[in-house]
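Paired with chain B in one complex and with chain C in the other, chain A is shared by the two complexes that follow.
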Partner chain A sequence: MQVFLQTIIGGVSLGAVYALVALGFSLVYRTMGLVNFAHGNVVTVGAYLASTLYLTSELPFALAMPIAIVLTGAIGLVIERVLRPLENRDFDLMLIGTIGFGIVLDALVIAIWGATGRAVPSPVPSPPLDVFGLRIRTYDLVVLAIAAAATILLVLFLSRTKRGAAMQAVAMDHEAATAIGIHVGRSNAIAFMIGGGLAALAGGLVGPLLYVSPALGGALGIKGFAAAILGGFGSIPGAIVGGLAIGILDAFTAGHFQGYSELVTFVVFTVIIMIRPTGVFGERTVNRA
Partner chain B sequence: MSTPPAAVPRTTGTPRMRTRIAILAAAAIAAWLLPYGLDSYAIHVVDVILIFAILAVGLGLAMGIAGQVNLAQVAFFGVGAYATAILTTRAGLGFWVSAVLAVLATMAIGLVVGTPALRVQSHYLGIVTLGLALAFTSWVTNAEVSGGAEGLPGIPVPTLPGIDLTSEYLYYYLELFAFVVALGFGEFIVRTSLGRRMRAMRDDALAAGALGAEVPILRMTAFLLASVYGGVAGVLYAGLIQYVAPESFSIATMFLLLAMVIIGGRQSLVGCVVGAVSLALVREALVDHPTIAQIAYGSVVVLVVVFAPTGLAGLPSRIRDAVARRRGRRGVPARMTPFVPYEMSAAADPDAPAILRVQGVTKQFRGLKALDDVSLDVPAGEIRGVVGPNGSGKTTLFNVISGLYRPTSGRVEFRGRDMTAHAPYRLARAGMSRTFQNLRLFGALTVQENILVAIDRSHTAESWRYLLRPISVLRRDRDLHRRAREVIDRFGLTEFAELAPGALPYGTQRRVEIARAVAAAPALLLLDEPAAGLNGEEVRQLSEIVRSIRDSGVTVIVIEHNMGLVMSLCERVTVLAGGRVIAEGTPAQVARTPAVIEAYLGDSMGDLPEVSAT
Partner chain C sequence: MKRPSVLALAVVVLAAGCSAPGADEKSTGDGTGPIKIALVDAQSGQLSSLGAWELKGARLAVDEWNAAGGINGRQVQLDVFDDQGDPTTGTNLARKIDSEGYLAMIGTAESAVTIAMAPILKQAEIPNITSGQSPGLVAVGSEFLFLNGPTSTTYDETLAEHIVDKQGIKSIAMITNNGSYGKGEHDAFLKALQARSVTPVADQVVTTDQKDFSAVLTGIRQKNPKVIFLGAEEVESGLIVKQARDLGITATFAGAAPQGTPVFLDTAGVANAEGTIVSSPYLGNDVSDASKKFAAAYKTKFNEEAELHGAKAYDGTQIMLTALKTSNVATGKALADAIRATKYQGLLGSFAFDQTGVGIFATSIGTIKGGKLVAAAG
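Let's look at the complex of A and B:
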């Protein structure tokens, strides 16, 4: 039981990071029906930016993060702007376009920061808490708190602001949204920008948990995507639940299958997508016909 | 939106054919002589390029031709190579035996990877196949049998009697042979029945299914083909390098392969080869600066996607078009010629049993009841009208009848058999054909190919003929072309045969869609608002066409808002409102039914004083 609970706790903080990645995917998807395959690479860029600012420039972690978020938000804007001519026309081409951006970002990361990774020390040096015999790292709590705060802010933005409401409208029917005067392109751009920002948030937070390397984003990206699908693509509560579920699944498979844990995660994910493509909270059908 | 009159393309005559043969001959000679001018390193590079070309053709077949986003091609490659390695080094089998087993193993994996395509498409399929490719690398890096991260060395060189394949010069000819066969077989598929169906499915899976293309089998076939090409490439790779390691089959290789196919032009197999060769050469030139090469080809992928979606293969025709536009030469605008009526078949038997029987069908979309206990009998040989206000469930009814929707309850009997919720392609094969309200023509196929897809009734499961009886495939295809010509001529579309439907005027597109539905030789034809967007003269022609189709022995059900057309064309009319049948009878009877007047004009009209014409 002790081991069981400890495994869950270990999975939850990574799960929160997966949830943030999933939110980035979902936000772009619900707004424009596109899966941004470069998202994982933006996460890598965010992780490197945050860790560079934190380690090399010796900025405090709380300052390094926002700067990284702004920069990756800008990357999101660039991707959206370049691919805008294809919007609502050919999704398969857009998908390949985002893969193209992923290839470029991947190479840029290696060109700038090198092919070897780096370890990032925890910005919260206090010792782990001991709750009923369970060890909880303080940094895990920080990750959870920040992820929760980001989610709440995002939900408030979508539901309480005019811009957010406009984005919801675009998500439901982009033609009708255009007809009532909403700038669909700008709405998409904001979705991509927030998506990029969330990627840096996830990448920055995960730095001290994992090893920051060029391969980081690939693994996080595909697990975040799995999380988004598991919860129901485009759904915000779905992204959170899916992220935590994948995190916990990950922690268990790592314990039981060691090197094969990735294999098991992907196979489980494939089976889930086959059985229920719309996920737990998903409403929209897969093919937006 | 008005469409400019489409231009007739220059005829494709013998001179063009002759150039093509000349180019092929020149390419063959160049390929044959190539090794004589290369040093030992260069020939190795060429050997690797040929392997990538085979992989790219396989990926092009799945992605470009069949529209199945397949990011697991590199895993097929890996399975082929690893299976060869394991069977030769661990099980001690001979190279060629291992090669055959390896290709079979890859095909099995291909079917597994393709299974998700039955449920999901596009982005989802992309991520699932990518996940499975990652799972493969994760497995080979960890498993003992595959040698872990270090890989497996010591694969024996394949032997052929009289040819020493340890020489990479002679290995080149083995690969060249495999490549020519692979490309030739791919082109054979693309240009005949199977490929045409795949392209139709890529353009519009729904319409392809409604015309009898077995979409699930076609998707699996696409993955099967991709896996065969991947497996063959993997075997050749194992024989060439004699060593396999996980990093050769990484996601980076997958994306490189994808870039080759996209840059070359995914919808043309030759384009895929051009992309593979040129990208591999660029990568070779930048071999000391791999990151720069990666940035370069990543950017080119983005640029190609945005500015030249047809890739390098599409450039010649784009340039030709641009030149033609600049010169302002348009050719003679193509014109539709009059429809040639069918000969009367025997008059329909008035006591004929109903060809279609809809019984108590209800269709619920969450809270909304789109159809509520709808029953309907249509006797053979009738033209039945289905009318009703917008949102009354007419198209939903068509979708239930043609198998696109599964009814919540009730049954649909077609030609005396219960066909409720059968897949659309099964209904199509049983003799049902339909058009769509918003036109669903296959955009990247010519008008003639659109018709060909409909005429083709062969089973995709019989595609083994491509391997064992290629001549019979060709002969059948020639026969299909002849019959397609007949349909095209009859519908007055001769001058449009070689054009893409998207460029045609709206009225012509409508006629193409009807011709396509009729080409499937249905017993029951469903027309969903065939007159929408047509002008008066076109509506008159339409009415003539529909009547003639019926006279040839086809039962027709037509949804229409144009009341003049319904009244003059249909023998009986069924009126839907709010998902229920509110009236049925001859047009004159129905027009007098109070419930119909109420549904169309609202019940307040009943209170108005009657206007008398004095």
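Let's look at the complex of A and C:
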């Protein structure tokens, strides 16, 4: 029982990070119908920016994170601006464009920070909590709280603000949205910017849990993408559920199947997707790609 | 990291495709231009720290030789190839260095990549000194493959002797990864334990890019072992130690080369890694006059502290260059024979190669104290 609960706790904290990565994928997808293949690399950039501000510039973590989020959001804007001429012209080229951006970002990260990577000490130095023999890292609680707060803010933005509602409208029917005067390009830009910010949030939060290296985003990107698909690509609650599900699934397969855990995780994932191709919260309306 | 590697692969395949298969134009072998040596190592990806260290060690050795006038008046040209720690990329690079007429290869630091490259290099008769330590390298049985350090068998035999025979600890758990290095460590350490009639209380296998070890570590915590053996690379080992301490595991960790590196210490956290038992042929820069000289030159050139992997690559490159000199810049089999005949007093000890391509058969035990690897007492 203890192993069971401890495994869930371990899976949830990484699952929250996968959920944030999945949110970034889903937000861009629901707005533009585009899979942003550079998203994983944007996570790496965010992780490096956050860790550099935190370690090298010695800013407090709580200050380093927002700056990294803003800077990475700006990178999202750049990606969207470069791809904008292709919008509604050639969708395949746009997809390939995001792949190209991923490679460029990857190379930039190695050029700027080197290939070696760095360890980030936990910004919350207090020892883990001991609850009935279960050990809960205080930093994990911080990660969960921030991820939850970010999700709530995102949902509020999409449902309560005019700009958010406009983005929803673009997601539902972008031609009708254009007809009533919604600036589709601006909606897309905001989606990319928020996606970048979420990537930086995920990367910055995961830094102290893992090790910041150029390979970081690749691993998180694949799991985050799987999480988005599992939850229902384009769905906000789906991204959260999918992220946590992948995190917990991963933790359990690691315990039971050891060296074959990765294989089992993705076999289970494939079976679920075969049974429910739209994912848990699949929204068919965004499926215009 | 899949996408960039696909593109790089395509480039490499195209490049390799430009030359006819088996077209050996080892023009540098008897020519007068620079002597071309390839260094193949991960310069990107999770294993890139190994590649970066290895490059520095090899570069230092080559620069020393070139500053002293090169070999037979010819400069040595060390070209770097990025294998991304990926065996597929490695095999393409093996064909590339063959078609581009490199005499010899230094690297890789990753056993799986070297094993994948070995058959092609054997066919092309390109001698290769690797930094890998998996017993699988010996099993390849290539007379062109040499190791610049001991194999896992040596590391783990020494480690088991220290833990079981000297300290009398029998309650040991194992965590190894399913990569080539981890698999080699798993088999070698388990064999060393079995030879002492010790059965590990837990024998857990993780994947090479696993990030969360809660399930594995909680299981081990219930067994309450005294020592946990780690058979995984630097970053993964560091993560395991960090998460284990968070879960309240107080056992001592033990392992081979990766557990003595700064990357391991940084990832795990200095306090968490305290007391880790390390089996290594190079315990530090203050062991001998040669290592002090090497460390000083390394520090001057790269402005960072030297460590094991740089030292191994330095030794390996020195042996390669010495063999090139004694054989009068031979190529292929003659060069391989010259390497095998080279007796070299290096930073890791005295090298004398046997038929398997292993040149050194001893490691020392060190422990991590206050963030530094020091020789263990007794």
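In this text, the second predicted complex is superposed on the first by the 266 of 289 C-alpha atoms of A that agree within 3 Å, B and C clash if a C-alpha of one lies under 4 Å from a C-alpha of the other, contacts with A are read in each partner's own complex, and residues count from 1 in each chain.
Please note the rule applied: contacts are C-beta pairs under 8 Å (C-beta built on N, C-alpha and C of every residue); 3 or more make two chains touch, one makes a residue touch a chain.
Here the structure is a predicted model, which means the values were calculated and not measured.
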Chain B versus chain C as contact partner of A:Thr116, first or second or both or neither: second
Partner chain in contact with A:Leu93 - chain B first, chain C second, else both or neither: first
Partner chain(s) touched by A:Phe61 [first = chain B, second = chain C, both, neither]: neither
Partner chain(s) touched by A:Phe192 [first = chain B, second = chain C, both, neither]: neither
Contacts of A:Leu14 with chain B and chain C, given as first, second, both or neither: second
Touched partner set for A:Tyr48, first chain B, second chain C, both or neither: neither
Which superposed partner A:Val35 touches (first chain B, second chain C, both, neither): first
Contacts of A:Asp106 with chain B and chain C, given as first, second, both or neither: both
First, second, both or neither for A:Asp250, with chain B first and chain C second: second
Overlap of the chain B and chain C footprints on chain A, listed as residue numbers: 37, 99, 102-103, 106-107, 110, 218, 222, 258-259, 262
Sites on chain B touched by chain A in the complex: 67, 69, 115-116, 119-124, 126-128, 130-132, 134-135, 138-139, 141-142, 206, 251-252, 255, 258-259, 262, 291-292, 294-295, 297-302, 305-306, 309
Chain C residues within the chain A interface of the complex: 1-4, 7, 42-46, 48-49, 51-52, 177-178, 204-207, 209-216, 218-219, 222, 235, 238-239, 243, 246-248, 263, 266-267, 269
Residue numbers on chain A that touch chain B, as the complex places them: 34-35, 37, 82-83, 85-86, 90-97, 99-108, 110-111, 218, 222, 225-226, 229, 258-260, 262-263, 266-267, 269-270, 273-274, 277, 286-287, 289
Residues of chain A touching chain C in the complex: 2-3, 6-7, 9-11, 13-14, 37, 99, 102-103, 106-107, 110, 114-119, 121, 128, 130, 135, 137, 209-211, 213-215, 218-219, 222, 247, 250-252, 254-256, 258-259, 261-262
